Each structure stands twice: as structure tokens, then as C-alpha cells.
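In what follows, chain A forms one complex with chain B and a second complex with chain C.
On to the complex of A and B.
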């Protein structure tokens, strides 16, 4: 029983990092109705630039953190200009494939920057663990959960209490109508991308400093964990992204404990496939499917 | 031809199958990230048929393709109500599940005092049909291109037929297709199954060409590449994906001298191409115009 609870707690801690990644996906999907496959690689290149400064110029940890955030935003803007802004809105597939080839490009750029397999990644705070009764809490993972909640809270305020948030929601609802209201959709989209990249940078920094290392596999890992967590929670839903991330983390933790390492990822994909077959909208998504939505639009 | 050229050409041929398979689904408007699963499942099934049970190669290819087609139809039936991104992610989840299961599966049988069969993460060794019968790489390449030509002819015939129009109709508006009295469920499962069979033929050939398969080869990257080929080459005709494969593998081989910067150059070029041609080089419009040019020439001659 104690094992079960401890696993659940560990899973939730891991899950909060998945949740942080899923938030990025869900906002981009909400605004653009398109998917950015290079999100993970964007964060990875940003973090690599920060780590490069750390390795070659021994700058302080704060500068590493700021560089990581700033370069993630810049790379994010590059992706937006090339794969989303330049390709017309109806060509959903072209955007996706374009963001995929750019993923490969960013990954190779990162490997050129730091060619070895792993590098140590500096943390802002020293990690402290604390025990509560029979359970062990790792401080950096607890702070990740707190960070995820703060970010969702801030995002909620931004989306529902500011003019920018209103514009963003208008564009995601109906870009043409938003344009008639005098909203510059291209500008709003660019800002949304920069915002999401910033959040991705924060998430990436938190995750990498928990792992204390960075490898070229981070891009793939971040993209898939974020994507799965978003789909589990329901596309375009913020609370869904958090719930999906936590669910994914808990299921993985239990599979790892009770079944073994090779079943960890298998259980995650099985969960996702089962969710899509039985409840395609995810935990918090709309029950209505795009097919029905299409029918309603015609009526 | 030296072995290197033959190997590159054979790879282009075998990868073309998975590109054609992804293309067939793109016609029906569905983006699959999971065609590599059928490629991989068939490679295992066909390898098992010839190496473990001593079947002839044609039987191996049939077994592999049928297994892939059946699994694809089951997955298609399960994901019937999904479309768009939901379908893509469901196929991705399935393909990764299949790959991770192949990493665990260990079934080995005794063949002439040697254990042969899938060995989990170590892969499936000893699919030695080619060596046992002393077949050269060039001969096998001819087999690959023979089957590829056959597949292509079938696809081109399908595209000209009523079935082809129905599939494209499903792609542009499945609700409207249903209004026309079409059984969209049946056609969709048929399309998914056909795509599975095509990927399966490629996988079966792959297993016998390399004599060794491992689950790691059938990862998401293969699937996304297959999808990208159709989009680079063009969605207007079945030749499109082949052009995509030739551009990717041929181009990457040609720019070997800038080793290490290949993806930076290639990724940038494809991204720019997609800006100007969002449905690929040979898109529907260009194919239509080319056809018009050719038919006018024929009229002039007649």
C-alpha cells in the first residue's frame, strides 16, 4: 500500500513535467488548429545554447537560465515564421511536415553545438528531499508541480483577463471574424508562439535541471510526452493538459514498478490508444467530434 | 553496378512501398504516423515464414502482406470515428505499441540445430533466404522493382477507377460522400487495409534484403518520413511519393560531402519548398495540366 501511494506521488511529480510540455502543445493547437512537431526540438536547441555558454564560458547559472529562455523564444519565432506564418492556413499537413523537417534541422544544429552524448545541466537551486510520514518527496519535483500550477494560473489570467487573451481566443475561435474586428491575427499568432516558447523554455529548464543532464534525445522525448499528455487530457484544454500529464506520469510510474522498464512506454501508448478509441475527446475535451462539428456548421 | 549503388537503389525501392502506403491514406484525407508498424510487422511475419518455417519467398511476402493488411483493418475499424489529428495520434500510438511489443517478443524455433526467430531487443537474425539460394543483390533489386512496378500499376489503375474517385471524395468531404449513398465505413477500412498490404510488401522485402530486422528500425521517424515523401513529391499522382523518396535518399547520398550538415540543408530546402508548393511538387493542379498537355499532343497526332 505504501509502495502504491509512493509510486502515485512519484508519478504525479513526473507527470507535472509532462503537463508543462502539454500546455505548450495545447495552446498552439488551440490558436492555430495545427500541430507543432518541432516544439521539443525548439526547447532542446534553446537549452543547448544555454549549456554551451555554461560549458565553454563558465557563466553563472542565472545567465544560463536567461539564455535558455531567450534562445528558446528566438528559435520558436524562427519556427513560426518558416513553418506556420509562411504556409497558408488551410495547408495543415504542409505545416506539420514542415515543422517535422525543421525539428531534424534544429536537432542537428544542437548536436553541432555540443557534439558529445551528455552534458551536465546546471540547476538554479540545490535539491533537497524531505520526508512526510513514510513517503519521500523530492524537492525539485515538488517544485515542478508547483511551477506547473503557477504557470497555468498565470496563463488563465492572461487568456481571460487581458485584451491580448481576448484577441488570442478570438483568433482561435474564428480568424476571419477576428480580422473583421481589427485584430491582427498574424501578430497575435506570433505573440502566442513566443509565449508558448517562453513557457516551453521554463518547462525545459525545470525538467533538465531535475535530470541534471541534457542529451540529444530530449527533443524527441519532450515532443512525444507533451503530445501524449495533451491528447489524454483533451486537445486545446488547459486543465486537460495538467490532468493528462499527471495521469501519464502516474500510469508510467506504476507500470515501471509493477511490470518493469520495458512496459513503461508500452503502457503509456496503450493508455493513449485506448483513450482515443473509447473517448476521443480526452479527459476534459469536448465530447463532440470534428465530424459532427462539421455537420453542425453546415446546418 | 557496384554493391553500394545497388544497396542505395534497393533502399529507395523498399522505402517507396511505405511512402506509397502513406500516400494512399493521404488521398482519403487521413494522415497516418503509423505505417511503419505494418512495414515492421510484415518484416517479422515474412521473416518468420521463410526462416522459421522454410516457406518459399513468395509465400513469405504473401504472409507478411496479409498479416499487415489484417492488422491494419482491425486498427482501421477501431479508429473509425477518429479523423484528423486524432487519427494521426492513434496510429502513432498503435505503431509505437507494436514496436515496443516486438522489443519484448521472443519466439525461437530450432532450425538445423540453430535457434532462429525474433529475440526481443536483439532483433530477428538469420533470415538467410537470399544467401541459401545464392541470389545476388542485383537480382533481388530487380525483384523489388518488379513488385514496386506492379504496386504502382495497381495504384494508378485504382486512381483512374471509380474506387479512386471515391477515395479522393472521402478525402475532400466524407459527409458529402455519405450523402451520395456511399458506405464510407467500408471504403475507409478498405483503404486502410490496402495501405497496410502495400507497406507489408515493402517490409517483407526489407527483411529478406537485410537478413536481419530489429524493432528499432520501425520507429516513428520512418513513419513521418514516409508521410513527408508523399508531401514533398506531390499528392496529385502515385508517382509523387516515389519522387519524394528519390529526392530524399538520392539527395542525401549526393550531398555526403557536407556530412553533418545534411539535415540542416535538406530540412531548410524542404521547408522552403512547402511554402511555395504546400501539396508537393506534383500536386493535383500540375498533374491535371500535364495530363492536358499530353492529351493535346495525342490529339494532334491522331
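On to the complex of A and C.
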């Protein structure tokens, strides 16, 4: 029983980072009705630039953290300009393919930057742990959860308490109508990309700190986890992204404990498969599905 | 106020708008009528920047707005509604109108973040006034997608008027409505929309057109075939031919 609770808590802590990745996918899907496959690679390259500074210039871990966030935002803006802004809104498939191509491009850039396979990632928090009753808490995982909660809180304020949030929601609901409210949809979209890149940078930094290492495959990994968490929760739904991320983390933690490491990723795919069969819209996807149906009826 | 000079719009080989010259004078309610596919909505979309014209110039209050993007044209003071209603479905009635006030704010990201749309710190009176005028004040907390069709159209009108634009385009404001609902919409246009501003109404329904318009312009196959006072235009032989050739909607 204690194991079960411990695994659940561990899973939720790690899942909070999945939730941030899923929020990144879901906001972009909401604003553009597109999936940005290169989101994971964006974070990876941002973290690579931070790591490069650490490897070649021995800068402090704080500078690595800040550089990771700043360069993730810049790479995110680059992706938006090259892959989404340049391609018409209606060309959904073309922009998805081009986001895959940019993914490859970003991976190449990372390999050129640091050609070896694996690098140690400089963590901000020492790998200490503390006990609370029968349970063990690891500092880096706890900080992951706290960071994620701060990010989600800030996002909520941004979306529901600022004009930018109002504009973002308006563009998500109906871009053409938003334009006739005087909202510059292209500008809002660019800001949305910068915003989710920042959140992704935070999630990526927290995950890499826990792993204490970075490889170019982190991009693939982050895209997978974020996409699966988003699909579990329901595309375009913010509470869904959070729930999906936590659920994915918890299921993976239990699979790791009861079945072993080789079943951890498999359990994630199985979970997604089961969800798609039983509830194709995801946990919170019902509303989105009916909204889409509404859009198709064009009333 | 608004002037179109030899405006053309082509989609491939199809000339959706062919050499349109049109003046909209300040304060009038201009009705744009014509059979299905005659280019009415294309005209509106071209003027409001959904797509740029293929040729010709468009100017508004002396400024050349040819080829401008929609949000810039909106900020300049041209508002519109949509034939297939485009509300923000998951926002409440209040939020839909509140969102339209966004257009009054421009500037950088910091300005956007600083100014806050929480209901406590802004001019909610204006929004409530608009909702009251279109009779939706009691439904302010209802989600837009749960409104019946006539109420959705009224909400779109309220949303278009909140920023107090000098020129408003209404795209089939009575589309899909019963005769009684159409009469309500005609009253709304006469009493709320038309006073103190210029208005262009695109419509099929003669009940609405005859009730609100001070002048008519008739399109057929992308060309302007008649223009003038409603009585003269509706008696015009070409106009009757154009309509009877389609569905005889003139007498409806």
C-alpha cells in the first residue's frame, strides 16, 4: 500500500512535467488547429545551447537554466516564423510535415553543436531526498511539481485575467471573428509560440535535471510524451492536458515499479491505445468534439 | 465615407467582382442585394480585408485601405457581422462583447499584459449597455453556443457595435429567421444600428431590405446592375429579370 501511494506521488510529480509539455501542444492546437511535431526538438535544442555554454565556458548552473529558457523561446519563435507563419492556415498537412522537417533540422543543429552522444546536464538542485512519514521525496521531483504548479497558475492568470489571454482565447475560438475585433491573429500566434516554448523550456529543464543527462533523442522523447498526454486529456483542452500529463506519469510510475523499466514506455502506448478505443476524444475532449461539430455545421 | 473604384476580385477564371464602383455616403443605410452567387459576400469580404482585391482601389474616410489586413481595417472603424455566425462559442454572452473591446487597445505585448480584462477593472457599463440594447442583458452569463439563432445574430450585432465603429457591415442579419424574427431584426437595425453611423446591409429578404434601407445597390454575376432609391431599383426591369431568373425572391 505504501509502495502504491509512493508510486502515485512520484508519478504525479513527474507527470506534472508531462502536463506542461501537453499544455504546449494543446495551446498551439487551440490557436492554429495544428500539431507542432518539432516542439520536443525545440526544447532539446534550447537545452543543448545551455549545455554547450556549460561544457565550453564552464558557466554557472543558473546561467545554464536561464540560457535554456531564453534559447528555447528563440527557437520556438524561429519554428513559428519558418514553419507556421509562412504556410497558410488552411494547409494543415503541409505545416505538419514541415514541422517534422524542422524537427530534423533542429536535431542536426544540436549534433553539430555538441557532437558526442551524451552530455551531463547541469542540474540546479542537488539530488537530495527527504522523508515525510513513510514516504520519500526527491528534491528535484518535488521542485518539478512546484515549478509546474507555478506555471499553470501563471498561465491561468494570463489566459483569464489579461487582454492578451482574452485575445488568445478569441483567436482559438474563431480566428476570423477575432480579426474583426481588431485582434492581430498573427501576432497573438507568435506570442503563443513564445509562451508555450517558455513553458516547454521549464518542463524540459526540470526533466533533464532529473535525468542529469541530455542526448539529441530528448526531442523525440518530449514530443512523444507531450503528444500522448495531450491525446489522453483531449486535444485543445487545458484541464485535459494537465489530467493527461498526471495520468501518464502515474501509470508510468506504476509500470516501472511493478513490471520493470522495459514496460514503462510500453504502458504509455497501451494507455493511449486504450483511451483512443474507449474514449476517442480523451478525458476532457467531449466539449472539443462538439465544438468542432458546431464549426462544421457553420452556424 | 467608403469608396470603391473599379474593384475586381477573381478566383481563378471566375470574376466574382467585376469593375465595381460604389460610394457609401455617411449616415445612409445601403442595402446590397442580388441573387445567390452574385458576389455580395465577396464584396464585403474584399472591403473588410478577408482577402485583397485583384484590382481597383478601396478608400475609407480618405485613407486608402486596399489590401490591408482585417484587424487593421477593424481598428480603423469598420465592423462587420458574418453570414454563418462567428461568435466565440465557449465564451459567455458578456465575454463575447467584452472581447470586442480589445480592438481599442493596440501596442506591444507589455501593453496587452498590463491592461486587464477582469470585470472589476474596466468599462463594463458599455458592454452592459450594448447587451441591453439588443435585449440580451438577462442572458449575459449564458454560453454563446447555447443561444438560439436569433439571439446569436443579435449578439453578433452587439459585438460589432461595442467599439462604436463609424461603418458597420451586416451580412444577412436575418438569415434563417422567421418573418416575426426578421421584423425584430429590422427594428433593431433601424433603432440601434443605423442612428449615428453608416450601415451596409447584405440581404435576400425584401421584408428587411424594404424596412431599413435608404438606398439599394443590386449585384448580378459580380456586376453592379442597378443603384438608387429602393422604390426605383425594385421596379427596374433588369433587377426583376435577375431575380425572377433565379428564384423570384423579390416578392417574398
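The rule is simple: the second predicted complex is superposed on the first by the 287 of 299 C-alpha atoms of A that agree within 3 Å, B and C clash if a C-alpha of one lies under 4 Å from a C-alpha of the other, contacts with A are read in each partner's own complex, and residues count from 1 in each chain.
As a working rule, a contact is a pair of C-beta atoms (placed from the backbone, for glycine too) under 8 Å apart; a residue touches a chain by one contact, two chains touch by 3 or more.
The structure presented is a predicted model; accordingly, all values stated were derived computationally and were not measured.
Once both complexes are superposed via chain A, do chain B and chain C end up clashing or fitting?
fit
Determine, under the contact definition given at the top, whether A:60 touches first (chain B), second (chain C), both, or neither.
neither
After the superposition on A, what does A:118 contact: first (chain B), second (chain C), both or neither?
neither
Using centres of C-alpha atoms, tell me the angle at chain A that chain B and chain C span after the overlay, to the nearest 10°.
90
Who touches more of chain A, chain B or chain C?
B
Is A:213 in contact with chain B, with chain C, with both, or with neither (first, second, both, neither)?
neither
According to the stated criteria, A:181 is in contact with first (chain B), second (chain C), both, or neither; which is it?
second
Look at A:162 in the shared chain and tell me whether it touches chain B only, chain C only, both, or neither; answer first, second, both or neither.
The second partner, chain C, only.
Determine the nearest approach in Å between the Cα atoms of chain B and those of chain C after overlaying the two structures.
Across the overlay, chain B reaches chain C at a minimum of 11 Å between C-alpha atoms.
Under the contact definition given at the top, report the residues of chain A touching chain B in one complex and chain C in the other.
Residues common to the chain A contacts of chain C and of chain B are 291, 294, 298, listed in rising order.
Contact residues on chain A for chain C in the complex?
For this pair, the touching residues of chain A are 158, 161-167, 169-170, 173-174, 176-185, 191, 287, 291, 294, 298-299.
Tell me, which parts of chain A touch chain B in their complex?
29, 35, 37, 82-83, 86-88, 91, 93-94, 96-98, 100-105, 107-109, 112, 224, 227-228, 231, 235, 262, 265-266, 269-270, 272-273, 276-277, 280, 289-291, 294-295, 298
Spell out the part of chain B that touches chain A in their complex, as residue ranges.
Answer in residue numbers: 26, 31, 78-79, 81-86, 89-90, 93-94, 96-97, 100-101, 103-104, 174-175, 220, 224, 227-228, 231-232, 260-264, 266-268, 270-271, 274-275, 278-279.
How about chain C: which of its residues touch chain A in the complex?
48-50, 69-71, 74-75, 79-80, 82, 84-91, 95, 98-100, 102-106, 109, 112-113, 115-118, 145, 149, 152, 159-160, 163
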